[in-house]
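Each of the next two complexes has chain A plus one more chain, namely chain B in the first and chain C in the second.
Then we have the complex of A and B:
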């Protein structure tokens, strides 16, 4: 091969390499940027007075005097709205019957739009569900609801060959000529006065329990459940995995059985996680009866089985990478085999073993399928440490799925979903980062 | 035994004068085999790697408190023989032996021999310096701790004594808590010697201890061997015939697994009995 071709090959290889890294970085950006942007929105956002009302009522947080004066000020602006409603109700009585029927239906829509925006109307009975007790707590949601109030959504299906199209009709126009027509420009003008939007740093999103299945409040039960499950899995899998790796590398005699065990271990590492989930249900809950039904311990055991092969493999690699000379040195000083493993081999292999461990910890924190049947519930409060043997727990991975696909108001809770995703990504990232730091530290200590 | 003690007296009675080989020249081989001071004795001893016979029916006596060099071309079984003495060959699963290898009259490969106890008495220094990735202090204290010394003061004593014996104390005394891997190659090797001495062995096996070192560090290791002679039974495998002639009292020449010749060093190098030995030491093959 002449020098020209060789250089061209070299350069094209470099170009392809750089290209693939750029593609990867772009893909990562496309995924991560919206997660971070929207996830941060769950903690930092423009909150309304309704948010502060909710915080005070549900979590006893915030200055009640300030809140009282704020509520008084917003109520002054709202009172006018309610006056208009009462005025229109009186006007409705005087209308001709067919007109009255038409406007009653339209009026009901206005009422429900107002309830969604500002909370229960005066005279309404106390709502059963917390989600109806407050108006919009987030300003951008309030603006959406304002749009719902100002415009009626209608569907154009006149052309049957294309999909129906949504279009909006201004309610101010459909109420033209009645006393209620004034309401719409008034609400539009005075929405800020009625809701007092303020920049809010809601740190409680991380530490609060959820209220009324994530309509309000935070994601602490999920975060705690994730930690319980991941650390529980580690408590089982890590010692077991290291011991198994020591057996494979130091004690097992090469032969048929040994190679079978090793390939079984590799196969186990490739089994889909849902299979582990089914196994966990069938074995730990139904057969072993570690708990009556779903519980943290059953989930942790299932996750442990799932990450065990990875830990064994990582520990094996790390032990095999320890220079033979360390072993020789230790043995030649009159150390027993076990002592050599404990005092020389394992400490030298520690960085590798820990890296494998922490990566597995991250995986255990992020897996959904193994805990669906064994540990996870969609709604729940944080459980105590003593309850891990009997109670299931919410966990980030499962609740992200649940909230995004099965929750009745999935579309309204995007910020919570993103917040959870960001929390999970951050946890896994921090775990991996700590693995890197830990590894670097120990390696540095070992290398002088 | 008596002779050894006498000889030491001789060396100590001449202060300031570097001990020379003449003083330590071992007795003739006939007296060696007849004497009771054979520390290690091989009797028809063979070592196999699977089917391959790496060391073939070696019979030899290694004298107590003398320096014995083992020379021979690569692959002649000299390292294998050395590593058999503290059973480091156990690490190779296919390795097995026949015949007898006696240490203080006990069979090293006997059924009831405790190899851990054996290795405590038979220390080894390897070709490449292999300190643990721990502090200098912990490296030296590793062996004593293993054997039950935990008292900090006593450990410190042992560490200092061992490092002094290995002639490295002055270089490392102010950084005992630093990682041993930060030392130079030559220092690391002397540290390894000190680590072995800390266990207070009777025999010191050196497997090409200077092959990875520069001439200056090599000279220091050789000086060290000179200093230790008389206190330990030392066996050194080396490719360097000058080194063998410089440091050893007795030399064994291995060729293709066979012990061709064992004789006092001066005799083997000046007047070899076997023609293969002569070819080898004169550099006609290597």
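Then we have the complex of A and C:
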């Protein structure tokens, strides 16, 4: 090979390496950016008067006088819509029978579209579910619902060899010639007057509990459950892990037993997370009966076992990083081995041990599989501290799955799901970031 | 006065060690160490317990149904009466996504590790490492959500063009490079300078046209592909490879760092370029460590639950043809997570125990691969330290 080609090969080799790092950074960006962008939308959005009505009725928040005047002004515009509806109902009675059945079906669709947009129509019975008590609380959703009202969606099945395609038929045209045709342009023009969109900062998304399985309200029960589980796991795993690390670094003698223990540790680190969940179910709940069924304590114990090897490893590294001179100085002053460990080595290693602990805390908070069978429920309110021994809790990680894959209205609640994912990612990344910063400071300190 | 003398007496007493005190100290020391040991031993006990309790609920399944159906049949109808428990398609699905993610993550991860350990200056490395750690820290359910809500619709709506662009972007640099190298290799033996130059250009043009043809032909074929479902094996493989990457990068970087400076310097002294040094000397020396990294990364992909549960489509069949990554599949972990809630735990039905059989399978695979990777690392350390 001539020199030029070798140089090109060398350069391109470098390019491949740098390229793959860039791809990793891009992957991180591609995953994080939509989550952050859409997640922020759960807290900052253009809210309608329905949102403020909901807040006032469900959480007793907001100025009732302001709200009343706002509702009065929107009701003036809505009243015309409702008048048109009653007018059309009267017209419907006078129609020929076959025409009447045709329009009745179409009219029912219009009614349900209006209900989705503006809330229950006058004369409707009080809805059982909270989700039907209010119209659209978010402006961008209201615009979608407006489209549903203006256009009927139909599927084109004429060509059976390709997938059927969706197309839209204007309702204004299909109601041509009746008194209802006026309704569609009216709603389109006056939607803002009927809903009063306003920029909203809904901090309650973090602190409120959910109303009607996350249709309204916030995610506080999930956040609290996540903290309970993660901190509970730390309470068990951290002391055990640090003590085990002290044993491994200070007392263990090389030999069969020691290598076996180390193998056990790395085996534990490699066990798939779902198997921890099965073990938690089979051992903590079915055998030990720490609780009747799922409970926070069972989940925390399962998570504790999962993060134990990480903590042991981090603590071991931190202890080994303490300079030998510290130990020697302490021993030469006549202090015992145990005394040296407790008063010199552990304090010096503490920041490093804490770093490992913080990272493990993040892992415990983010993990889903171990808590599916042991601690998580999909719907529930925040639990008190006394209930951790008996009752399960909602948790961010599990509820993200549940809301995105199993909720009956998953596609409508994307903003809540994004908000939850953002909350979880923020918690975990903040923990990790603080660990990274902490570690950078330690390495500076140890170098001096 | 008295206080001082008392203090002095106490101090002097502290150095007098009576026999009783010595035994007490000894007892305290042994019990202390014993307690430390028992805590460390706790980890081993936990591992034994995990094996015991998973196996305890798995063995009844094999007693009821035997081994052959589980490993050879693809009929997975656990809810039927009587149920069918053929897990072959599910095991195959697990292997498929594991292999798929390894194919993406291993080359990228090893390249990134080489870059981190040998190519980038320290100042840039400082910023690259936290990126990798962040990627490792993102919870699996967030990745799963991304796969389900962002990537799956994207694949379903724009699958063909997406594949085509990926093909172009990924393959065109490699094709360009191989055209240059191959034309160089083909003309290397020609002595006459002018003739060689001419031949070189000729080959460059011929191969260049050929590769452009290949690029467009395959691109057009990929463009025509319509992905019927966005929740498929390819989607999951891509996301799992993101998750396996940090493990592969950090472990194989350690392995590369463990190869000493002297080997590198020796290679440079013989006139090798950096790429040649890395490929011909450092990679072989670090190969076993990199293998261990690959095993650990693959295990992460095999044991991952949430991503596959949310985004693999959960359909228990072997794709048609068998390498079709654009079909929905089902994996062991997702089956355990999804079916446990429906299985009756109390009466001990086969439906409940089959899930534990799957868990046991996962556990055994992870145990063996952990053991293997650990042996490999220990052996490499011994070789490199010259023993």
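Some notes on this structure:
The criterion applied here is as follows: the second predicted complex is superposed on the first by the 417 of 448 C-alpha atoms of A that agree within 3 Å, B and C clash if a C-alpha of one lies under 4 Å from a C-alpha of the other, contacts with A are read in each partner's own complex, and residues count from 1 in each chain.
Basically, a contact is a pair of C-beta atoms (placed from the backbone, for glycine too) under 8 Å apart; a residue touches a chain by one contact, two chains touch by 3 or more.
None of the values given here were measured: they were computed from a predicted structure.
In this overlay on chain A, chain B fits alongside chain C without clashing. Look at A:400: by the touch rule set out above, it reaches chain C but stays clear of chain B.
In the superposition on chain A, A:429 makes contact with chain C only, not with chain B. Looking at the shared chain after the overlay, A:278 reaches chain C, while chain B stays out of its contact range.
Chain B and chain C, viewed from the C-alpha centre of chain A in the overlaid structures, lie at an angle of 60 degrees when rounded to the nearest 10.
Of the two partner chains, chain C is the only one that A:252 touches; chain B does not reach it.
By the document's definition of touching, of the two partners only chain B reaches A:326; chain C does not. Touching more residues of chain A than its counterpart among chain B and chain C is C.
In the superposed model, A:90 lies in contact with neither chain B nor chain C. Figure legend note: chain B and chain C, brought together by superposition on chain A, show a least Cα distance of 6 Å. Interface of chain B with chain A (complex): residues 86, 88, 91, 93, 116-117, 119-121, 123-124, 126, 128, 130-133, 142-143, 146-147, 178-182, 192, 195-196, 199.
If you check the complex, the residues on chain A that touch chain B are 253-254, 323-336, 339, 343-344, 347-348, 445-448. The touching residues of chain C, counted against chain A in their complex, run 29, 32-33, 35-37, 39-44, 46-47, 49-50, 53-54, 56-57, 107-109, 111-112, 114-116, 119-120, 128, 130-135, 137-146, 148-150, 173, 177, 180-181, 184-185, 188, 242, 245, 249, 273-276, 278-279, 296, 299, 302-306, 309-310, 333, 336-337, 340-341, 345, 355-356, 359, 362-363, 366-367, 369-371, 374. Taken together, the chain A residues at the contact with chain C in this complex read 1-2, 4-10, 12-21, 23-25, 27-28, 31-32, 34-35, 240, 243-244, 246-248, 251-252, 260-261, 263-279, 281-283, 286-287, 305, 308-309, 312, 338, 359, 362-363, 365-369, 372-373, 397-398, 400-401, 404-405, 414, 417, 421, 424-425, 428-429, 431-432, 436.
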